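What follows is a structure written as structure tokens; I'll ask about it next.
Chains: A, B, C and D, in written order; residue numbering restarts at 1 for each.
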């Protein structure tokens, strides 16, 4: 008798269970909304970008190996002038270089902010890095134009416009993103990891290097991915200092261009549905695929690094 | 002193140097913006409307637009990002599908903002017929912001110790209640950093807004706060050039004689506005955090 | 992998249900993580108003077993078999898991006060269940903190953050928090492992007091603690319950050699 | 706690009532409020914007929304009918992917385009032949033209930009510029030319200022009067396109743009040339004849 009463009580669906269902559905629908947006944009770009190849009948080979970009016209050798290789190389170089330069700086700064001098870090560095995120690209571009380009011109020669200047500007632009995300992941490493390591007689540096940074590796990699994503997607500032010429870069100080800058510059001047416009969307698609590859690569490296602990 | 200790000291010295160098670079940047910009800032500059081709234009409307657009974009994107990140960090199973979703969100954030802007233009401005308006701009910024905001919040949630979740569940509370009332408040400082980071991007974004919120800033009637009137500052259906777009516009096509002054002044004001916004967001966040964690 | 032993390697004490009141009981319980079997062979009965200690080396399945009792393993493992709570099998999908966990409370290894005040920690779950009457809440706070023997230390600072408390105090606030929702059974997962000896002693004293009103099941690494505190003891090894008996018998005349080895410190 | 729930509900109710109240109380002129949108050419944007401000000031409740986005955007949006006016630097016929049928051209103004060089080049005049040689990359150093020994840095506007099309068509006589730096705005071009030794590019007259040196071609100076008499050949029309003949507010606004008052005040200040002042007209194929083109 009593058992059955209890069983009944236990089987009644409680208010809590209803809360749970509600919350689960609510958060799921938010995620589904984001997924819908992501998918929407990906499909949008894919259909637009692929029509260059399927509607305008441009061959993949011309697009990915050609070096002359002037959609709608023919190259001297008679192919369609839709060679995106210079931009692909430009984007690739500038992003990789910027990430390589800023990663040690960003990690160093983040470690300083969390492990060495958290007080000063929280007081000065954090607000300053957050401030930098909000400076419009145009302002970065103009500072780049009036400071970085002359510096590069006088130090390394050339006109000053090129991959190197682009790298310097991007370095500063992606630094705040990487720093602040790295700080978050360093903070997420439990305190007792550090205490345990110090207690074992490890020096502070050994603790940081072998314990804290190792434990935070996945988070740091995410931070780098987002930093590279920003570098990839950045247009206005890079465009002003890289020279924005659709040429194969033959050194770091010769004018080059990136996918994004050509895309941004050209969008307003072309007509939706024309070959010129479709070709620009193809660049966006290439950008998407390249950033996917980057992403996979970084995570792959991360996973291997994590296993080696 | 032995070798490892020496090594440690050298490494830490190196870290300090790196941090100092970064501070130097940042200080230079901000100093540059302020030194070239602040002398051009006056009360009149802050309050008067912009002029298209004569000297003496201000940035009053643009400043208001930036802030209003930011608030609107945050009101829309924060709940979505919070919900999605709760799902990703608390409910989603750790399998290939989840990591595919994460990757998709991450690659979305690498799209140049002009692409997001054009998508917003075709969807909101043309398809939904919202026109060049604050609401189109805010929705586009939401798309632009969601990836970074979601990942940021997810990281902050993940940094809350599992013990806290267990504690909630052990009391017979649902996962959802545990998340909303225990995990989210504990993650609040991290969430606020994320919001500030994204707000900065909204403040500084130009390319995504050119095609959506537009690049004109018609004079507003600051006596009329009825959002249904088109010249009211609160109207979500009016075009709204933000400060960053203004800087972009006058630098690219501006023909007013005092272009450099207006441009550098605007940049300084923008940086100041971000500074004030960040400080107050942090202050309010701390107050909320204190209230949530100590009161009852 | 698990060794499967024959029956004679194990000894499980059985109560006579006519004479003793059994609060909880497990039958044919099997816990899988993914595909691998983590725990089985543990048909144990828990007598009302007693303290039962679960001991055994790390990875012996004792924590897994404990966490299955109020279905805290739902998300991470597959649990098969019966878990009887006052005769009702609570390991079935129809059962409301939240009500189960309210009645079978749990205290964890590391003190985990929420980022709220002491007062807020204790009243939180009640408020979520719709109790908002200030007088009732005040009473519950006082009563549970007294039960957990921490009232005197914190009564003047009830609105201070609970996370600023010392480990021992925090752990007892966590016990008070668990008591606030009026459970029958209290599961404790190595509650003293993060505490200093004095706090541990106080905690044990508290648990002895609580035994009058609650059925207590505690996982511990500390054999002296099990011997001092509990009425019954289960010895786990390699995912099975090897021996279950009165605590005195386990520590003086264990029936299984393995248990003897373990309690006398020869392995583990 | 109960009280808090009550307060929440009261706030919700007040907000809803206030919302309805505000909707009811929205300006009664709202019914007279009209708004039209112009999108496109960034070169034409300042003029139309300035005119729209004056027009709105004179006519209450009128809202003219002027956006940039580039000539391509202007033409595709007017073709699809999403906006009332499409601003373009080019004839619709010149733009690939546009079906000019049904679009009505309103020539609003004429702009001249001039080559500009960095100050340190010290060159004020070039022949057409030299200009073509520079921009096609056959001459790469200023000393080949009698200037200082500085390599030439070419800066182009983006492909498809109206200014570039005009410059290549009439300045380079149809020759295509060599692949070089491209910038998508006149302001940036001017900034780069002024700060880069040896740089050469081209902007419309309105953007020329002290920081850069305009260049005469074959001895003819880039002035407005030379454009009016077609002595300076590098010029183009600024167009506003409408879908069919304009009606209502669009029609009124276009008339307003063409009236004398606007043409004499705004145009001069902004460096545009009034179509009325032109002694010559030009078709989209480039045929020039006498007459104002109106």
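The rule is short, and it goes like this: a residue touches a chain if its C-beta (ideal position, glycine included) is under 8 Å from a C-beta of that chain, and two chains touch if they have at least 3 such contacts.
It should be emphasised that the depicted structure is a prediction, and the values quoted were computed from it without experimental measurement.
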| item | value |
| --- | --- |
| Chain at maximum distance from chain A, centres defined as averaged CA atoms | C |
| Leading chain pair when contacts are tallied as C-beta pairs | A-B |
| Geometric centre distance via CA averages, chain C-chain B, whole Å | 47 |
| Where chain A and chain B are represented by their mean Cα positions, the distance between them in whole Å | 17 |
| Computed distance of Cα centres, chain D from chain A, in Å | 34 |
| Distance between the centres, which are taken as Cα means, of chain D and chain C, whole angstrom | 77 |
| Residue numbers of chain D (touch at least two other chains) | 42, 68-69, 73, 80, 184, 188, 191 |
| Residues of chain C whose C-beta touches two or more other chains | 98-100, 128 |
| Shared interface positions of chain B, touching two or more other chains | 161, 172-174, 177, 251 |
| Residue ranges of chain C in contact with chain A within the complex | 85-88, 90, 94-100, 128-130 |
| Residue ranges of chain D touching chain B (in the complex, touch as defined) | 22-23, 25-27, 30, 33, 35, 37, 42-43, 45-46, 49-50, 53, 56, 63, 65-69, 73, 77, 80, 82, 184-188, 191, 206-207, 269-271 |
| For the chain A and chain D complex, residues of the former touching the latter | 68-73, 141-142, 145-146, 149-150, 159-161, 239-240, 243-247, 255, 257, 262, 264-277 |
| Interfacial residue positions of chain B with respect to chain D in the complex | 52-54, 125-126, 131-132, 210-211, 214-216, 218-219, 224, 226-231, 239, 249-255, 259 |
| Chain B-touching residues of chain C, taken from the complex the two chains share | 70, 72, 98-103, 105-108, 110, 112-117, 119-120, 123-125, 128, 159-161, 174, 177-178, 181 |
